[in-house]
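Each of the next two complexes has chain A plus one more chain, namely chain B in the first and chain C in the second.
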Partner chain A sequence: MTIFSLYIFDRHCDCIYYQDWNRTRPLRAPSTTNFKPGVHRLAPAQPSQTAGTRESIFSSGFSSGGIGTGITKAGNAMGSGAGASQRGLPFDEEAKLVYGVVLSLRNMVKKLSGRDEPLTSYSTPHYKLHLYETLTGYRFVLLSDPSSDSLRFVLRQLYTGAFLEYVVRNPLIDMDSRTEGIDNDQFRSAVDRHMKSLSVFS
Partner chain B sequence: MSSGSKQYKAIGDDVWKRTDKVNAELFTLTYGALVVQLIKDYEDYGEVNKQLEKMGYNMGTRLIEDFLARTGLQRCSSFAETAEVISKVAFKTFLNITPTLSFPPASAQPSNPSLPQPSEFILTLDDNPLAEFADLPRDAKEGGLWFSNVLCGVIRGALEMVS
Partner chain C sequence: MTVHALWVINKAGGLVFSRSYSDTLPPLPLNTILILAGTLHGIHAITSRLTPAPPPGPVGGLESFEAESWGGRVFLTPTGTKFVVLHSLPHPGLDDLLKRIYETCRACSTCVDISC
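Now for the complex of A and B:
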């Protein structure tokens, strides 16, 4: 059982925060033209750089065989001998895929039931996606091991705890910004602590 | 309606008990000093009203997150319910007051006579914690200063985020 990654999206559908733990699929930093500060801490993309030189907390659990934590459809992007720096999806594309799948599934769920019903999670053989939506349009997405129970309560705890304390009550964070994420050291370490304290983590 | 409003009252009381408090006098005097400073800076009551509203709006956009996290309420199904929640839960949580809620008579809304629910409501602050020690000079009253206009901004900002 483990937790792979966390995404937070805002009301403008932009990814404003990303953090990962035991990812098994490599991820590249986005190209400089699509770079949005304050979202993730992936080392900036450089032409000669290999994917293995990412910051230490993200480089754990690398395996070339890779159980996919990302979207399975994108699997052909890797392993085609394009060189180590080309492995994995760029971050911005992966975030778009995650948001897209959440949004379209949510709309289908609503249409099928005819009521305003929330999508809570779905799972594949390789991962499980948990979704928590706030009324203000923030969407918290967590990818975890498929065998884990519902982790929606964890996302709610993140919202009422770390998010409120270090983002909403932080005057230095522009909450409705389209150009910047909400990353800050305290929030990142609080999220990290919270996740590592969970029994499903490990 | 009455059972719903009782339920909201209970939620409001409950959240208020668990809220961290600040000294009411410090809060009131700070707000008063803020308004005075704005008047000095802008020298125009209309502009002061506008600034207070803007400050409130910025507070409201963040306060709504705090409110939702604490109460865990779901989306309101009707406008009347929204009014109830603002009066009985929101004002209770943050200011420990419960403004009187009233709906203007239906004839006052010629624009939407067919609407089954009210499309506007009035919150009357029976006691206003912001104005506890405030005594407006005559020229401020006549000049059209809206002393507690920050509250309007907070409501607008908060509701806009959940619209």
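Now for the complex of A and C:
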């Protein structure tokens, strides 16, 4: 039983906060062109390695090329098997995938039930994703062990506790800025404390 | 414990069978179900890419999803055909049910025709 990661998305579909625990496939930091401050604390890509720099310029050039190339890249990575997928995606790409999956499943659930019924979770053999949506359009997404019970109450506690206290009531944070996240030391440590106090953590 | 619907999706993401067994979920036009089946097929591929701690070997995709009063369960056969059951919550024994549906489908001539 464990908890892997937490994402918070705002109503503009942007990821404004990310934190992870116990991931064996760590994320890579996004390339400098896609970097958004105040979201995560991933170690930045190392500029000293020429190969690494070249790769990032290459990949950012490709990603600006349009949706077509993105799909081909994803298709290639899927086809090449587990070896390539061990490396992990850049942060910005993974956040977009998480949001996309949540949004499409949510729309599917809405269409099938014919009313405004929220999606609560989905699971695969290796992880379970929990979703909590607030009325203001914030989406809290938590990835945990597949055997855990519903953890929506944890996300609600995070929203009514740490999020209100250290983000909404924090005058230094611009809630609706599309260029910056909501990261601050108090919020990060409060989230960390809350997660580590859970019985499913460890 | 009710099964609301059963879908069979082929390995290309096309809907090859769909039947509703209860009226809890509203009836939808077949076109909409076709679109939703295609969406589910895409979601299945993406969810396996998001695995935070992948074990060595192949990584599986979407297995089940839950709304507040109902859920869905996906069974992927070795040949890539997906059997999807929409059901009420909680519903134990779905894995056995899906396996039995798959075996019945394999045994009958329908499956030979749609080559799953």
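Quick note on the criterion: the second predicted complex is superposed on the first by the 162 of 202 C-alpha atoms of A that agree within 3 Å, B and C clash if a C-alpha of one lies under 4 Å from a C-alpha of the other, contacts with A are read in each partner's own complex, and residues count from 1 in each chain.
Note that in this section a contact is a pair of C-beta atoms (placed from the backbone, for glycine too) under 8 Å apart; a residue touches a chain by one contact, two chains touch by 3 or more.
Quick caveat, the model's predicted, so the values are computed rather than measured.
Partners chain B and chain C fit side by side in the overlay (superposition on chain A). In the superposition on chain A, A:169 makes contact with chain B only, while chain C stays out of contact range. In the overlay built on the shared chain, the residue A:40 is in contact with neither chain B nor chain C. When the two structures are aligned on the shared chain, A:116 is found in touch with chain B, with no touch to chain C.
In the superposed model, A:139 makes contact with neither chain B nor chain C.
Shared-chain residue A:160: touches chain B; no touch with chain C.
Using the contact criterion defined above for the overlaid structures, shared-chain residue A:28 touches neither chain B nor chain C, since it reaches no partner. Shared-chain residue A:126: touches chain C; no touch with chain B.
Looking at the superposed arrangement, the partner reaching more residues of chain A, out of chain B and chain C, is C. Minimum Cα-Cα distance between chain B and chain C in the superposed model: 14 Å. No residue of chain A contacts both chain B in one complex and chain C in the other. Note for the complex: chain A touches chain C at residues 4-5, 20, 22-25, 74, 77-78, 81-82, 85-86, 89, 94, 97-98, 100-101, 104-105, 107-109, 111-114, 117-127, 143, 146. Against chain A, in their complex, chain B makes its touches with residues 61-62, 64-66, 68-70, 74-75, 161-162.
The touching residues of chain C, when paired with chain A in their complex, are 25-26, 28, 32, 36, 39-40, 42-43, 45-70, 86. Remark: chain A residues 11, 116, 134-137, 159-160, 163-164, 168-169, 175-176 touch chain B in the complex.
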